[in-house]
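After this come two complexes, each holding chain A, first together with chain B and then together with chain C.
Right, the complex of A and B next:
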């Protein structure tokens, strides 16, 4: 069995393939780079979907007493906008960068479990399609992305809409957790010789912290969701006050997940910016260990602040004070990072590329969002802000101004490495200004709206409350963001129409990922480099350091690297896994437990569980026979 | 699980035992499993937390003292704890077998795994009996908070044990005899052991908090 074939890449290879072969190669890929590209492009696609949902929301709110969208449709839109942006857009885009660059930056040829990596992607795709397939049966989730009990229970959400949300999110969670096990093991175990933990690039460090947050926080969400599932399907009493249950249990479990989740969303962007700023300042990152330790500290503290989402639930002064304190504490490591980024630019030879525009914009916008965050760390202030547009303004500054702008910064910086094509600098800068102006127009007035008393999640407001101007400005801003998105997408799409033109090191980078071809060969590194500093490639180029670049390390034509062969089992296993979850849709009784429905569910579930078991067996057998 | 091994650029295909060179010296599978177990701690932590925060808050009976028989559960608990011993013996036998470089079937390893699986299966059997018994005493999943939390928590633990039994059986009856496990055979058995001991430890916590605590006066 020569399945462990050696792929010596030739450039014309891709063009010989038919479309079917190309599709098959995607479906069976176990290459972390292909999987990374899939995550990134899928995330971009859902960014458009979530953006269209946001535009519809802004259309409805653009004028008072608007009648474009019904209240029900509006609930569906804000639920799906948040769910899409968080789980189907920002997380997969970050996962795309993680997949592609984490192995490259530590000098590895792939992740430790390449097939498990493919499994994570297909499972994610299944969950994403499943949530959105609710559209087909006319039951879009409408209970908010936070799915508060007992709003999400059968009493107030009787139809299948919240089942789609609940079960779909469980699938996405499982996908993220399996990816987390994979990446943590990769970082700890697959580093090139000499690549000690504190020689790892800050980007890889932030990805690592994120993976730890994922594997520790998602199980708590999963439990919260299982209890909700049992309440909805089998008539248990977890969130039913009439039976002694407490809806606050959901809030605790959800925010125990939900607050680490916001760091899952922002830390990858912080990592990207920490790579971009030093590169375009031609200086090392100022106080890099402080940035890394701040990231770790943010991750730790992220688990101790969940109740600041619940100040208005009346936890009592002691709990409120404690959570207020921990929340304010998080501002310290965050501010450390901001000062370090600024100090990195100080005295540097700045080059204002499109990526640098985004990075500097990130610092400014994220700081504004961070400051309003510290404001509602104080319970008395938060009591005024809760459920008002002030909160919407805050988290859009950190999520759009922070996460999204950081990820687009990553696009302009890393696209050449990922796809072998340069993105238009001009379009990137124009797109940035549309983003920057658009997002400030959209979200800054929301601070005022919030303080003026406009509540979140209302689909219509009366005239004469003084909210008209701000809302109109916000809606104009949303359109400007949409134009910016179109410009960025055009830059990306048009890059595919040109031949590959990216040099291996377009920005004079410092890390190992720039020391190999753009896009990298199938095997990444012909020879695993030995690392002697935290900027190995920079040292080779500018400091007469040891050689790490592949052209010099390996002669041409002698690349003979065994890589894991493609496999369709991840796709098959993901299909059956998703089926096991989706079968819960059939087990829901009309009112409480329904034995007949339960039997149907178990029957379907058994089939899928058997398929899952067999595909796992085949997966392991493939391992045994191919080695 | 397939693993990407690090080596020089010219890895030859005759590297028989597929020695993994890992940064930490722990095998990839084992390390990934430790991370999974950390994750599972948060899973059970949340379930146990839910049970404890609803403890004594049922509006109607039956209450724990009405249904629990600590004698019966002690027997199954004892069996589960003893299964950790047989698992340890399986891991030890696997190490000895690997060191001997013997090509024969590792029957001692398989034997101890079967003993472990048998005790695990009896534990699950006890749980099925217990659930059945409690149900007939009037404790249902829907009836009160105690029923909801009790069945959910112990049910998920029982599922973990059942998966462990299935794993032990597949490993000892298919993977080992068919030689699907090559390379670091003892390490693979060790990973199975990690899972088994974890499930055991979780039960010690559950048995203490759910059962024994009811008998503290």
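Right, the complex of A and C next:
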């Protein structure tokens, strides 16, 4: 607080900026808000890509014996649909909200390492583009987003397709981990005076739990992938049974990452809903500590349940029992959250905004997904459910009904703060109903298909198996979801055609992010407020609490606040980092280790590694004095 | 204990009855909720209990939510509602509800896990199941019979399956007979069941099976049949399989065997009536004419289909053309030569006659 000087600063987001200047300002940005917007919009873009892939899948399955899409193409589609939705859509959209709101909610001016933050984004973009560039060489990954060994080895996946997947995911993993450490450090160090951990908003709490999950789970995926890389490139035998390796090793490592990943995808949406429900009930979140501890417990237990993805692999009754128990235990904190959300609404004054529609829809759909998850937590039941459409129904209720609808809830709630423009409430509500109806039409019949024994990942089914009606309904539902997506996207795009119209506090919010301008100045807070409760802005407005809002704290006029200067080094460093990984593509021997290929790889890698080191060196030596 | 279990089983069974008629086996050959074996009986006990608990909880939560959404709408009155931050007693209460429900689900779950993990009885028929890309090989260990994509078993006798894979991970699943088990290369997984359906003398019951683990391009086309006989019918089938098939029509036999040799079929396929035809890379063709389906449960077994399959495998089942299998055992092997149309017809007629 003492570091704030009050000199006048000429900070003008001038309208006379040329496009080139605007582009340059984005390429060199280190502002957490710009980076947050980039993550969010990139995630939305890939949501459309993954959605188109889903539509193609539903087209092929709409009728029995369909021949619209070949088996190979179908396998590529479901692999890329999942990869895109998980790593290129839901995670970056959540990262967008994390970037934008985590610093705002704790009263900080940016993250601890703004340039590392930019580096994370560019690295993520490089990985996303790299995976999808496989399309250009006609080698779309086809081994499933889970990339099960030994099918992902060179014997059964000889081409470059699975290399694109493996190496691309490593780049994305590195990006997530650097971002994770950045946010953890930020939460631990940059909280405003008086903002104790338990005064942090629940949204920031959930973001924080997610970052811990990211930095603890992604290394396990990376380890699994390095072993796969060695198997594929240099003829090692980690996963190849014919040579003494074990394909189940991959499954253990992958799901050790993969289950925490599920919570990485859902907890941000739970956080968003935990902000939206109290706001539109005009009450505090019921039992906030219980909700926070439940989130922590869910994250913690998430590391102890991975083998429930492997009940059919024959781990034996003791392991099955143990993992069944730990999995069912997750139902307890999850149920606590749902009860607390309903209790938050109880006795409130509910305002049904578009965001509130999505929040209520989230609870309803997530509850269904949670309950069906409890069903196959029981291994005997899972022996029937595993790899059937019942599981597809289950996780789409969690990931679409939960994660995606939660994120769209966040769009309608937070868009005014992020872009300074209100979204159309009417379009938001119409879009919600398309989502809600379409999603139930698509995914509810899949429960029946699972019970009727339809396995996942089949590109075709014969007639007379009782699967026709449900599949046809599901395909119609997918079209309705697509229309809903188009409505939402139209609402967002059209908001940019209007001048900025959002007030700083459109919803009567309770947290610090609503106490500053929409969109916030690049320094966020001219004066860092002192925090005395978990609802500082609410208390100022309704309880005569201490002042936290900026116009009152800082007074009129512009303020000079020292902020880090823009830098292009994160972008350059990310480019070279991605190159170091991509160089592995060239080191693959035709049959095991190939010295010539290895030399090529090392040569390319050396160039990129040198570039990476030099750019990091330049980044370190750069004059980052606040100005 | 046993009284509790009997009571538990009958409660579950009666609860389930109201649901099972939704997906009867006649219209749903892959239904998971009609039991035909002791294995699926055990599963359905827990399955129905947990389904009912979760459905009831879901409906109660839905009713509660609808009530809250209607009752607490903003009525436009001035002022804020009472600012309730929480209530520890209530929260502890609704932490306990799921704890109790979890206990109700975990106890029968663990009991069932150990029940179905018991070793098979000594008198069980042992069948080795090998998942291939994309078909199933079945080997009756004691009887020395090798066949493909079709298991014949007697109802009422335990069948012990030793499940493995020669390629990638597959999963052996006959929904009406119980859960699935993965076929993992490099290890042997076990599963056993006794069919509880009654089979009338001279008749059979068909249970369809499928691969449940994504295993590559034609994962969707990896089905198989389990055919249940009564004891006499099974004994008859064993006798038939042990004797080499005889093709009565000499012309058919000679033309077929000639095409079999010319096509290089012997490199991959076994056929007990041809000397030296013992390879196990492709399906064993002995008594192919008796099987219900060809191409692993995906094409009806007719001579025309067989001819079409020999000529255009890739069209029927993508990824199966001989040089696309990605199997190193093909390296340096006899690759089938193109057969003339007459040869293909002769071969198909001959294979159909192997009954």
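Going forward, the second predicted complex is superposed on the first by the 608 of 627 C-alpha atoms of A that agree within 3 Å, B and C clash if a C-alpha of one lies under 4 Å from a C-alpha of the other, contacts with A are read in each partner's own complex, and residues count from 1 in each chain.
The definition used in the following text is that contacts are C-beta pairs under 8 Å (C-beta built on N, C-alpha and C of every residue); 3 or more make two chains touch, one makes a residue touch a chain.
Keep in mind the model is a prediction, meaning the values are calculated, not measured.
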Which of chain B and chain C A:315 touches, first, second, both or neither: neither
Looking at A:466, would you say it contacts chain B, chain C, both, or neither? Reply first, second, both or neither. second
Which of the two partners, first being chain B and second being chain C, lies in contact with A:617: first, second, both, or neither? first
So, A:329: does it touch chain B (first), chain C (second), both, or neither? second
Mind telling me which of the two, chain B or chain C, contacts the most residues of chain A? C
Is A:49 contacted by the first partner chain B, the second partner chain C, both or neither? neither
Classify the contacts of A:437 with the two partner chains as first (chain B alone), second (chain C alone), both, or neither. neither
Shared chain A surface residues [contacts with chain B and with chain C]: 245-246
Complex contact set, residues of chain A against chain C: 70-72, 75, 142, 144, 148, 150-151, 155-156, 158, 241-242, 245-248, 281-284, 286-290, 312-314, 316-317, 320-321, 324-325, 328-329, 331-332, 334-336, 338-340, 342-343, 345-352, 360, 363-364, 367-368, 371-372, 374-375, 377-384, 386-388, 448, 450-462, 464-466, 542
Sort out for me which residues of chain B touch chain A in the complex. 1-4, 6-11, 13, 18, 22-24, 26, 28, 31-32, 35-36, 38-40, 42-43, 45-47, 50, 53-54, 57-59, 141-142, 144-145, 148-149, 152, 170, 174-175, 178-183
List the residues on chain A that touch chain B in their complex, please. 4, 30, 108-116, 177, 180-182, 184-185, 188-192, 195, 215-220, 222-224, 226-227, 230, 234-238, 243-246, 249, 253, 256, 525-528, 554, 558-564, 592-593, 617, 620-624, 626-627
Going by the contact rule set out above, which residues of chain C touch chain A in the complex? 23, 27-33, 42-43, 46-47, 50-51, 54-55, 57-58, 61-62, 64-65, 68-69, 72-75, 77, 80-88, 90-91, 94-95, 97-99, 101-102, 105-106, 109-110, 112-114, 116-117, 167-169, 171, 173, 175, 178-182, 184-187, 189-190, 210-221, 298, 318-319, 326, 328
